[in-house]
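Chain naming follows the written order as A, B, C, D, E and F, and within any one chain the residues start at number 1.
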Amino acid sequence: MSTLHTVNKSPFGDGALSSCIAHCKAGDGVLLIEDGVYGALAGSAISEAVVACSADVAFYRLEGDVAARGLPGAKLIRQVKPVGYDGFVDLVTEYDRTQSWL
Amino acid sequence: MSTLHTVNKSPFGDGALSSCIAHCKAGDGVLLIEDGVYGALAGSAISEAVVACSADVAFYRLEGDVAARGLPGAKLIRQVKPVGYDGFVDLVTEYDRTQSWL
Amino acid sequence: MKLGIVVSEGPYTHQAADTAYHFAKAALDKGHEVPRVFFYHDGVNVATRLSVPPQDERHIQKNWTALAAANDIDMVVCIAAAQRRGILDENEAKRQGKDASNLAEGFRISGLGQLIEMGIECDRMVMFGD
Amino acid sequence: MKLGIVVSEGPYTHQAADTAYHFAKAALDKGHEVPRVFFYHDGVNVATRLSVPPQDERHIQKNWTALAAANDIDMVVCIAAAQRRGILDENEAKRQGKDASNLAEGFRISGLGQLIEMGIECDRMVMFGD
Amino acid sequence: MSDAKKFLYVNRKAPYGTIYALESLEVVLIAAAFEQDVSLAFLDDGVFQLTRDQSTDAIGVKNFSPTFRALGDYEVTKLFVEKESLDERGLDPSDLQEIVWEDEEEDWEEKPSIRIVSRAEMADIMADQDVVLSF
Amino acid sequence: MSDAKKFLYVNRKAPYGTIYALESLEVVLIAAAFEQDVSLAFLDDGVFQLTRDQSTDAIGVKNFSPTFRALGDYEVTKLFVEKESLDERGLDPSDLQEIVWEDEEEDWEEKPSIRIVSRAEMADIMADQDVVLSF
């Protein structure tokens, strides 16, 4: 039994991603959507926390939101895997429940 | 020439108060309103930053918002002075401009 | 699978209604069911038929109305949230003595019980908000 | 002094429209002028006359309408923001081919120039939002 | 109706600045009629919803905090509050209102509804649900 | 109309997740007609508004980032971007689009509109305004 967490806010101005990471369990997934995709930026003030957590939690980013925001692939944390809206749907069905960190 | 800054968000989930403090100048004022009044709580994770800044910046809290949120006077940082809506108006006129940290 | 969707923020101001729309479309494309979408908080504002976005922007309400019609989605707008924010169907407008209504086609106004029911009957529930 | 006010969030969802109201009242009580209040972003939703809050809650739109009438405040709703969000006066509704309008008494729809003008002509400007 | 599901209502936002706390409570009151297994989680700024002595006269907004004390009558008796969230905010459990429910099975004994839990326990509670609603 | 006032438009929010960035830009375009002294500040998540290569096809939302490049035509030529905000987000100035204006007084020479400033300089800029609008 594991959870897909979605985070839709930039981690630089808002505590949602930090709180989500602090409440994740091994085997959970975290999907970054909307302004949440800024959490996939490498070399940022919060990227170490994401990389550390990714040891036992799977991280995903919604590609449409990444492209909209012009984030270059080379600047993204490689442990955060890209998915489309169809991949989003698959994740929702693969995990046992979804928790939105609004 | 000095500025009245208003902050209306809780400093625990949102970066507005930190950013405001980082951009204040000596002689400015910071008025905590709405959920911003949580920034007046003593002994919190951010109270030291407020106390340190209050050495050369005047801090105020909107009393109606403090009362609504049930924050006991004994738990508030004493450097943050209470004002009502009328005091809010006075502050706006006394400082040269107002900047809202939305 | 049956996927329930909650939209908690208003159109244009927050991306939630857009993301929920793309998610619902992708789910239907994959053969899942989306029996109901529940609009709560400012999400009820998606359901106004008076919105006139610029020509070069998407029309969020019309997108939802079309998707629901094509896929038999029950789009429920929370009555308590809608009343506060001025979203009324014709019956509600009459009952409240208002001279106009603004609910768009494909949406219906009902109670929060429909949200709980969706949670009970769907295999997964996804919330989009702020 | 002349104090200009901007309201950037919708009623009930955010406290902004309430705080702005209490601020405006206090300013007028102290003998200041509030020549204009500008409603932008979701703030335009304050201006719907279709809102029906519960009996034991304040009626934000009616409070503003009464305050403006008593003190000759020019309440301007941004046209571009209003169109996106479905706030229309009768003229706009006709022009856009809509069968209903929802703008409340005391509010008028106009352009962003009115916001800049307020900034130029007022001694202070205060923004309430999210 | 299928078997009872576990519903968790997650509250992470402060009251009054936004309406989420109030509208979350409205959902919980309705949910009680559906005979599901209901829990409420208060973490991050959500812990502020439960402070004592809220008095909203000056801001002209309805004080909905007494409603939390009525939850027991709706058989909503599990209010989990995260200790770390209180600590970060300079709050003690004694700053929260007392909320009780009457245990029918133990001669209507009054029991506390609020349970202070650690962050790790909160994570366990979240992981043990069928449906998680966030406000 | 009185003498020109100094207007600062403060942008602290990211684009697309919310509409503030777009509606801020709509204000700036209108403001340009009023012959005031206009500056734009980008700090905190506001720096994300200026990234290159924004492509919104997949999310179905209008890409408004090219509009920033038109600001020069409206005589809006001062876009202050905070260096510390870029650093915290792992961004370099080279990740931002190039925005230029043509200086009429120097034979229409193209000059950069974006000026990277320190946090302390940003505070000075804010303190030097008549009207500050926040989006």
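Heads up, the rule we're going with is that contacts are C-beta pairs under 8 Å (C-beta built on N, C-alpha and C of every residue); 3 or more make two chains touch, one makes a residue touch a chain.
Predicted model, so just to flag it, every value in this text is computed and none were measured.
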Set of chains whose contacts include both subunit E and subunit A: B, C
Most widely separated chain from subunit F, with each centre as the mean of CA atoms: E
Remotest chain, subunit B as reference, centres from CA atoms: C
Chain copies touching (subunit C, subunit D) - same or different residues, decided at half shared: same
Pair sharing more residue contacts (C-beta pairs) when B-F is set against C-F: B-F
Approximate Å spacing (C-alpha centroids) for the pair subunit C, subunit D: 26
Centroid distance [mean C-alpha coordinates] between subunit D and subunit A, Å: 38
Separation of mean Cα positions, subunit F and subunit A [Å, integer]: 28
Per-residue multi-chain contacts in subunit A, two or more chains: 8-9, 12-13, 15-16, 34-35, 64, 84-85, 97-98, 100, 102
Numbers and ranges of subunit C residues touching at least 2 other chains: 12-13, 15, 19, 22, 41, 57, 80, 125, 127, 129-130
Shared interface positions of subunit E, touching two or more other chains: 12, 16-19, 44, 59, 61, 131-132, 134
Interchain contacts, given as pairs of chains that touch: A-B, A-C, A-E, A-F, B-D, B-E, B-F, C-D, C-E, C-F, D-E, D-F
Sites on subunit A touched by subunit B in the complex: 12-16
Subunit F partner contacts - residues on subunit C that touch it in the complex: 12-15, 18-19, 21-22, 56-58, 130
Partner subunit E, residues of subunit C touching it in the complex: 6, 40-41, 80-81, 111-113, 115-117, 119-121, 125, 127, 129
Subunit B to subunit E touching residues, read off their complex: 8-10, 12-13, 34-35, 38, 41-45, 47, 63-65, 67-72, 75, 84-85
Complex contact set, residues of subunit A against subunit C: 6, 8-9, 33-35, 62, 64, 84-86, 88-90, 92-93, 97-98, 100, 102
